[in-house]
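Next, two complexes with chain A in common: one pairs it with chain B, the other with chain C.
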Partner chain A sequence: MGDKLKRAELMWLSLAGLLIFFGVWTFAAWVELAPRKFLPLPSQVVERGIELLTQPFSGQTLQGHLAVSIERYLSGFLLAAAVGVPLGLLMGWYRWLDNVITPLFDSLRFIAPIAWVPFAALWFGTGIGGPMMIIFAGAFAPCLINAYRGARFVDPKYIEAAQVYGASGPRIVYEVLLPASLPSIIAGLRISAGAGWQSLIGAELIAANSGVGLMMVRAQGALDTSIVMVGMVAVGVFGMLVDVALRGIEKRVQRKRGH
Partner chain B sequence: MANIVLDNVSRSFRRDGKEFLALDRVSFVCNEHEFVAVVGPSGCGKTTCMRMAAGLDFPGSGSVKVGGKVVKAPGPDRAVVFQQFALFPWKTVYENIEFGLRSLGVGRDEAADRIARNLKLMNLEGYESAYPHQLSGGMQQRVAIARAYVLNPDVLLMDEPFGALDAQTRTVMQEELLRVGRANPRTVMFITHAVDEAVYLADRVVVMTRRPGTIMQIVDVKPVRDAEDWQKYERIEDVMDLESFVHLRTRIWRLLREQHQPGDH
Partner chain C sequence: MSATRDPSRLWTGIASVVAVVGLWIVGSRTGFIDRQVFPSPPEFLAAARQLLIGEGYAEGRIHEHILQSVKLILMGFFAATAVGVPLGLWMGWSRRAEALINPIFLLIRPIPALAWIPLAIVWLGLDDAAKVMILWFAAFVPSVINSYTGVRGIETPIIEASRMLGVRGWSLVKDVIVPGALPSIFTGLRLSLQGCLTALVAAELLGALLGMGKVLYQAGLDIYPAMILAGMVAVALVGFGLTAVLDFVERRSMPWRRSH
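Up next, the complex of A and B:
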């Protein structure tokens, strides 16, 4: 709130924040506040990152590790959305389903995604199955909750109009609740996307045979902080890109509705 | 027989933990092909009467029947035109009008035909693929009316359908409604607080009291209209100039005024 800043001013401020961050980092590394091994220069991290594009570390190049992580991530996230969103909408319309699912859901959702790791590793292994389940555990709840809330708070006048014009229950869910809750659903997908990605990297740190998380753990073992940092940057940038893409979809939906 | 019968209907609502009576033993009938307007002060429960005929609300005691059957649920045999349009913002004009036809299982070609006819009737040609938010209030309401007309329903329930329109558009819509009604008579329950409109459109006018809503009087318009041959006038202002029209309007006005207590606004 407060005073309104112009776009250009905001951009300068963001840039200033980044510059200060890298300035402090460079300075701290330069004067060797900590040994270089633990606190490399930003330029060294960049160099290491470029090296990793061609030289495999722990059996894969950087993009190789990323590709494995992204594949697991997308399959887990899409599964969570494909189950969570329709289930949430149906729970918003069919009271009995709400009563069946909610107690189960409420008791399971307080288990942190990371806490699923031992179980997931035992049941689905450390390839794609286990990590997928962990992402699912992280991404499922926001998908379901937002779809459910969206459906419950649809303006009753639309539901009444649909009933008056003879729509059946499934048709009301698909043609009224779904489009009316779309803004809420997309907000849920954004939260899910972030939570899923975070849980995947967390899972890979503990139990995986490949992926960015594994790369970082191995680098830790080799006392190579640069690679750890390259991994963190890659994780952060990819997470941001996903959010930007989802925000784009959100804007398009709003524009179509005349907001 | 597509008539609407409200028999001794009472209904109370809870608000802020207090129960209040909205409708008190209300009985009236809309006969088949009869146009009945319900007028009364705001909050008198006239909209509740319509909602009960639509199956969107239910009596606490008494019964509401349409075509001899107790109303249990909403359905496309009773098309509703809502006061706040209630068009689906995520559907185009065409898709909005098509919505009820799909419930009835009307085929694609026939649906396209009927929709085209109603778009023409409502002066909406060329706006098929527009979204509601791109239209003016008057046009949105015309879409809402087309969505109801296209079903060719036995019963038409209208809740202040012209309330949000500007005076010119409203006049055109009123003349249109009368014209369409003559060509294709159906049972209409029309909720309004505009006395002019009620007398101009209706065969009978049900006058309600303020809360709790009861029926104060039912005024017969049709005998006067037929005797004075209002139908030979095409324009609403010509009818409204007639002594017989003014007389009826004043009579209903007086009924509504009587219940206006000092201190009210």
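Up next, the complex of A and C:
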């Protein structure tokens, strides 16, 4: 690979990258490559975002929509983790459970989470239940797979040691497999967090009575491109914050293990 | 999860699938499963037949819906990876390229593909073009990231040795960098493909004339649970089929990993 860049050169190039991006955007909007309505200036998007903090759009302010989405997201994500991680660990230990669940899991695996939307709306409505189910559909698989893999690849000598001391199955799962597979579980949670958030936005675009996704789809209907872009930024920022938080936890766990 | 050749595993697997189907049959016969919310097996078969050989549903039969969806997936997938893979390789190779492009990439990366849907519709309407744009973003991000990590993962001695042997320019790219990064590139392609499928179903649920998402949308609107289930089966089969093709290509392109 190329040599390490000097700090100054790195900063200069990064800045140039950002300038190119915003420069091209501003220029395209400024010469009205497309009508302003469809291609707003970056500054207009910022203004609209600030405006949305006080003026409601389709029933709520930006933070109001975000609050609804985040509430749904946390409940769906926590449910997926609360079911997926223990199930994965147990499957890693109990062979029969693995044999029973895996074929069912594999036959559902290829259904894109978003394809559950019609059933979710039919079964749980478009309030919190339906979207929660879609988050669950998106976030469940990575939780389960990573917990399972983590449990399967635990160093056998730990398990043997626990067995020598007469630990029972449930105790081995809880006191050996869980801590030993923690890094893999957290990596799974990171994937789940992203997948669940994306699934929620999809569910809210298609069938929900509130949330950032609904705000975006209403703005699309009103041809208000600035609000659509404000929504994209809000979605991106929140998703990034969740990822940064989980990455922080991941690093801490790894450091405790001396990695 | 791994496909072991353990016969007891195979039999328990078959037994558990049979048990679930049995529960489904018994549950719908006894009325324990409400037909308003989940179809009975005969209803599902009738819907499948209607879609497959009958008059069709949502303005088309299943092969028309699947062809439309697969066409868009392939268009989005190839358009995105044709840019994403070389870009990722270049960013992995040159620190300068990375420094220049990474900030732009970091702005795009956190936005989930599905969040591009409203913008794509505002810009391009409900045509195929809007869907290809959405799929492009769905497939672009994973293909860049994994090609990048692939190059970064090549051990420095390998590159130094090739240089010393006088491998340079295009042949360095073709014979050292691409093969070295290939496993990671394929990981990225797999994620890209999954992303395309999800994004396409979502985009079609939001507005399409034809496609598997259109079937799901129409069935949801008509409250026709049997057709919802049939649509989901179609989505799963297409997902399975496309992944199988990619697996085949992967095995073919990396014969040195046969044992895997």
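Definition applied: the second predicted complex is superposed on the first by the 243 of 259 C-alpha atoms of A that agree within 3 Å, B and C clash if a C-alpha of one lies under 4 Å from a C-alpha of the other, contacts with A are read in each partner's own complex, and residues count from 1 in each chain.
Methods note: a contact is a pair of C-beta atoms (placed from the backbone, for glycine too) under 8 Å apart; a residue touches a chain by one contact, two chains touch by 3 or more.
All of these numbers come straight from a predicted model, not from anything done at the bench.
By the touch criterion defined above, A:257 reaches chain B but does not reach chain C. Measured by the number of chain A residues touched, the leading partner among chain B and chain C is C.
Judged by the touch definition given at the top, the superposed model places A:163 against chain B, while chain C stays out of reach. Of the two partner chains placed around the shared chain by superposition, neither chain B nor chain C is touched by A:42. Of the two partner chains, chain C is the only one touched by A:239; chain B is not. With both structures placed on the common chain, the touch criterion links A:183 to neither chain B nor chain C. In the superposition on chain A, no contact is made by A:86 with either chain B or chain C. By the touch criterion stated above, A:111 is placed in contact with chain C alone, chain B being left untouched. Put simply, chain A touches chain B in their complex at residues 157-158, 160-168, 171, 175-176, 179-180, 182, 256-258. Residues of chain B that touch chain A in their complex: 54-56, 73-76, 78-80, 82, 84, 86-91, 99-100, 103-104, 131, 133-134, 147, 151. Against chain C, in their complex, chain A makes its touches with residues 1-5, 9-10, 13-18, 20-21, 34, 38, 96, 98-108, 110-119, 121-123, 145, 148-149, 194, 197-199, 201-202, 205-207, 216-217, 219-220, 223, 225, 228-229, 231-232, 235-237, 239-240, 243. Across the complex, chain A is touched by residues 1, 8-9, 12-14, 16-17, 20, 37-38, 92-96, 99-104, 107, 110-119, 121-123, 151-152, 156, 159, 194, 197-198, 201-202, 205-206, 212-213, 216-217, 219-220, 223, 225, 228, 231-232, 235-237, 239-240, 243 of chain C.
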